[in-house]
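Below you'll find a set of structures to go through.
Look for chain A in each of the two complexes below; its partner is chain B in the first and chain C in the second.
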Partner chain A sequence: MQFRFEKRAEPSRTMLYVTPVAAVLLTMVLGAIIFTIIGYDGIGAVREIFFTPLTNSLKWQDLAVKAAPPLIIGGGLSIGYRANVWNIGAEGQYIVGGLAATGVALLTQDMSGWWILPLMGIAGIAGGMAYVAVPAFLRVRLKVNEILTTLMLTYVAVNILNYLVFGPWKSPTSFGQPQTVAFNDSQSLPYIIEGTIVQAGAPIAIIVALVAWFVMSRTMFGFQVTTVGAAPKAAAYAGFSANKTILAVLFISGGLAGLAGMLEAAGPFGRMVPQFPSNYGFTAIIVAFLGRLHPIGVLFAGVVLAITFVGGEVAQTTIALPNPAVGIFQAMMLFLLLAGDVLVRYRIVRAGATGGREAI
Partner chain B sequence: MSGETQARLEMAGITKRFPGVLANDDVSFAIKPGEIHALLGENGAGKSTLVKMIYGIMRPDAGEMFWNGAPLKASSPKAARRLGIGMVFQHFSLFEALTVLENIALGMDGGLSSRALEAKVREVLNAYELSLDPHRVVSTLSVGERQRIEIVRALLLNPKLLIMDEPTSVLTPQEVTQLFKTLRQLASEGCSILYISHKLNEIKELCDTATILRGGRVVDECDPKQETSKSMAEKMIGGDLKAVAKGTERTFGEVQLAVNNLSLGRGHAFGTALKDISFSVHGGEILGIAGVAGNGQNELLAALSGEQHAEADGVIELCGRPIGTSEPSTRRKAGLCAVPEERHGHAAVPDYSLADNGILTARHRRELVRAGLIKNSASHDFADEIIAEFGVMATGSKATAGSLSGGNLQKFIMGREILQTPEVLVISQPTWGVDAGAAAFIHQALVDMAAAGSAIVIISQDLDELLALSDTLSVINEGKLSAPMAVENASIEEIGLLMGGVHGEPSLATKPEASHAVQV
Partner chain C sequence: MSATLLIAMLITMIGASTPILLAALGELVVEKSGVLNLGIEGMMLTGAVVGFAVTYTTGNPWLGITIAALAGAAVSMIFAFLTLSLSANQVATGLALTIFGTGFSALFGSEYTGKPLELFKSIFPASLAEDPYLRLIFGHSPLVYFSFFMVFAVWWFLSRTRAGLILRAVGENDVSAHSIGYSVIGIRYGAVAFGGAMAGVGGACFPLLLTPQWVEGLTAGRGWIALALVVFAAWRPLRLLAGAYLFGLIATMELYTQAAGGVFRIIAPEMWASLPYLATIGVLVIISLGRSANANAPACLGKPFEAGH
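What follows is the complex of A and B.
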């Protein structure tokens, strides 16, 4: 029996929502098979990675902590991706945002006051924006593809980070450890729920998602961004400047990545260390796509990805699954989602079938 | 053509279904050897689908096709060509940077040395008195010459049936005359021709038989020479055709749009530069700009809409106000609305709802946005208003633009601009690919709008349309605009020559060689 693709008259809204869910479910099935074949407890791996973080209430606060950064970054990326602007170097902007916030912290080491944290936040946002400004201007002035420049600058950021923590920023009291001094109380995020490790990142992530949703669905700016992405010629005809839109969405995504960097530095890390780049910037790409570039969808996707992060740690201790396994699961999810996307615009029909009866 | 001969091609009960549409419903007709057979119908009547099945691109769901009496089983265009079925598509597939000969070589199924191929090409060119230099680069050729490449390609295969899909939509009247001569010669040699068109005059002039399709069904088969254009049009649309009612006493107001020495470089490698274009349009006046596609029409529209800026502000004046370097939104606010030729992805976003497509251009003049926020109900009301006033067939303001048929989307776009009551409306190809009923509606709306005092510029390749609507007519060729002429005094020969590239005062244009110009 042969099958072929047939274009749908209209993109399927059902498939738009079904495919992300299907991608996650299929990832579990394929993941279980693959890890069984290579000699691990495949079913156990899926259970620990995808379900234990949900069933074990002790893990919920970990979810909130792990979900926040990819959510904040993914919210920004999804706006840019709507405009067909592919910033895939959010990891670099996240690092530079964290570094900028650290810089403020080091300058205010002996000070205290409520104003230090907001200042670090502003520095983080500014750092992320400044770092994306390079690809942004290369793109609008010289039409340099932002996919390459943003990605390459990520590796530059890692080296800047290493230079600083191994060099000028190294704490004098760290016994040679490459790390900065610990942030003081005025430089650290408060715990918002007593007795947990949940800091300000989680509520900020929710606020970012809600604001992004409002901007994208109700404002002229959101309309402009979507139009530039959906039909560049129509956007020019409507009077929307493509270059201004590209700059705006790059600065938004860079700024939010920088903010996430500040929240991580001033939150879970509490100082700057070489382990600071934790691939949140890359995970956020999966979050943006899994969430269908819709701010509320991103919210759900961020939680799913956080589950895999937390679950990965669980699986490491309970069934000795190596940590990179989580990356395989995450990549599989993105891969299956993108592959499944074809079903939004096409349907599968049996070759020779006439009507839509046997269509999927 | 005796009625007794074996049909070259016979279609018997052909049915083809697409999701949600019955494209062809029990279609039957036959083409005799040497017959020029018209396939006539509106957009979406099923002409293209039918032809694609003959040419092996698609297969029918039901029914049979016979080729010289034997079942036709063309599973691919290549197989169809082997049988002797040639096709000239409406949109050419040519490489602009290659020569004529290289393009022909690329399209050949069998390998042939370039010397042998050139000899064969020259043979065909001589036999049919086609003027075409095999060594010219395609980008330097006119549209008519490009079409000749496609015809030569088809003729090299000694076709027994030649399918021509809307061949004259981009030709000047003189080129049409030349094409018809070639087709008649071919037919006299026994080649059957299936001629697809919605231009009734041409079908009357050229074709022996016409099969009229409507909604996928054959509604009539007739001898076009025995019919009038009106009677065929009515069969085609299945109703009465209303002529455009244009007031006889037309008075013009002040100049509302003035273009002074507009020159623009070519936007991309195969674009056309605009050279020193000047014209003015008064309130109540309709200026028609004729011309063969690709002579600067799109560039002119972009310069007027604001997508391209002129060199100086004063180059374009709207009611006396310089706007040559203003953004599109500024121009719209000031009263200039424009509609580009391409509807999908330029004049409208296919994935957007009609309400959102309304916001695209009408957000300022219709106040659909306040303080950066979209007024949701106002934008849906506006879309509903367009749907109601312009008779757009759509499920409502939430329907996507892409779900509308070409004619309905065009009605929506026209409604969107006209309901903004701009002082100046510039529109490219207002009825391109639009069915006759919708075209008549759009024409009337434009005439009414001019009567209400707007200045209108219509850029079109359809001369009939321009002659029916315009008060004044200019021709654009290679980025230059001819001096305007009053439509009453315009002669088809002169316009045709200007379209073909003879510049200067219309009265100085050299005498046309073609004595039998196309009737309009």
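What follows is the complex of A and C.
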């Protein structure tokens, strides 16, 4: 039997929501097969990566910790991607946000007070925004492709980080270790649940998602972003400035990446170290797409990605699966999601059949 | 500065440029056919790990490079299938390919950490390369000569052959090319496979030509720089050669400034290491200042083609 694609008059909303779930499920099936073929315990890998973090209640707090940064960054990126603005250097803005917060921490080393953390937060956001300002300006003024500029600056950010922690910011008491002094109590995020490792990052991530949802679906700005991305000409007719929208979405995504950097620095890390870049900025790209660029979808996608992160660590210890395997699972999810996109725009019909009668 | 040192610098620079040049040549052909593949970095990493593994296991770098090319082409087919057959978003799919290649190379590369590899050295007799000037001609790895050859081959293919003309037609006006009977999708598949193979060889250059050991993420963004180079070269192979060497020069500057010391020490090594990336941005800015920045870009670049519309 032959099949062919037939374009839908309207993109299918059902498929829009079904395909991400299908992509995750299919990743498990294909992943189990592929990893078995290449000589690992494929079924064990899928079990440990996708299910153990959910069934083992000891791992739930890890999930909350790991989900926060990609959620916050992914929320910002999804707004930008809606406007067809491709900031893929969130990793760099995350690093610079962390560095800016660390800068404040080092200046307030001998001080204490409730105001220090908010100040670090503002510094983180400002750092991320400042770091995206160059690509934003170049894109708007000179039409320089933001994909390349934001990504190039990520490599530069890693160098800035190394310069600081190996050089001027190195703690005098670290016995030669490249790291800053540890943050004091006023510079560290509080634990929101007594006796766990869950800090303020997780609730902030949820707040960001809710605010993003409100802005994107209930305000004129959200409408403007969507229109500029989907129908630039219509947007121009409506009087929406494409350049202002591009600037706004880049600053939002950069600021949120910077905030995530501050939350990681003042949270799980507690000081600045060379290991600070955690690939959250790149994971957030998958989160944004898997969440269908919808703030609430991003919330779910962020949790799914956090599950694979935590599960990857589990699989490393229980079945000796090397950690990069997680990256392959994450890439497979994105591949399958993109493949599934065809079902949103097309229906599959039996060759020879006309109209939608025998359509699946 | 002595001539010997200058020649040694030139040879290092040419070596450092070669992976970028090869990958960029591949992408140039891909983009000429109207497709934007952002997965170069992923394909290079795939080629790097496969090239390392095969060369390490068999001791035969020729075989290593051949398999690296095939591996690069193979992973590029994931991209081709998604974007060409299923009309998936090219930007997102290219990114996914890079994420995939990063994971793939890290997974299979880890077991080669700390294992030594022999560099793929010149095939000419060593006596020919003793004289510093003759070394400039005979002292390179076969990969370097291959990159020279490919610059010429791609130029010749695109501007002097009928097949090249058809490929360009597909990139400039896919609807017209389709209506006079050319298979737009088929030609683009071919271009993407070529781009993948070239990125695979470019990736294999890292362990075989530059540092004979396995380092995770060893391409360090060179795939993205290759992408920028294609824009810089205005989609012309000969300008690509000049651009790649300019970047090779900047990338090797870090080595020489460290050795030279003195004034250069004022600037931190991390700053020198950042230079290729900053220079890439600088170059993009300079081209965009030009009157017709993207005038040479293939008209259908990045746009999906759907037959029957």
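Note that the second predicted complex is superposed on the first by the 356 of 360 C-alpha atoms of A that agree within 3 Å, B and C clash if a C-alpha of one lies under 4 Å from a C-alpha of the other, contacts with A are read in each partner's own complex, and residues count from 1 in each chain.
Keep this in mind: a contact is a pair of C-beta atoms (placed from the backbone, for glycine too) under 8 Å apart; a residue touches a chain by one contact, two chains touch by 3 or more.
These numbers were taken from a predicted model, which means no experiment stands behind them.
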item	value
Joint occupancy of chain A by chain B and chain C, clash or fit	fit
Larger contact residue set on chain A - chain B or chain C	C
Touching partner for A:231 - first (chain B), second (chain C), both, neither	first
Which superposed partner A:155 touches (first chain B, second chain C, both, neither)	second
Which of chain B and chain C A:282 touches, first, second, both or neither	second
Touched partner set for A:223, first chain B, second chain C, both or neither	first
Which of chain B and chain C A:338 touches, first, second, both or neither	second
Minimum C-alpha separation between chain B and chain C after superposing on chain A, in Å	6
Contact residues common to both interfaces of chain A (with chain B and with chain C)	none
Contact footprint of chain C on chain A as seen in their complex	7, 86, 88, 134, 138, 142-145, 147-149, 151-153, 155-156, 159-160, 162-163, 166-167, 282, 285-286, 289, 322-328, 330-332, 334-335, 338-339, 341-342, 345
Residues on chain C engaged by chain A in the complex (per definition of touch)	38, 78, 81-82, 86-89, 91-93, 95-97, 99-100, 102-104, 106-107, 110, 220-221, 224-225, 227-228, 231, 268, 270-271, 273-274, 277-278, 280-281, 284-285, 288-289, 293-294, 306, 309
Chain B-facing residues of chain A, complex	6, 8-11, 218-221, 223, 227, 230-231, 233-234, 236-239, 241, 347, 354-356, 359
Chain A contact footprint on chain B (complex, rising order)	17, 19-20, 61, 305-307, 327-330, 332, 338, 340, 342, 345-352, 356, 359-361, 363, 369, 372-374, 376, 400, 402-403
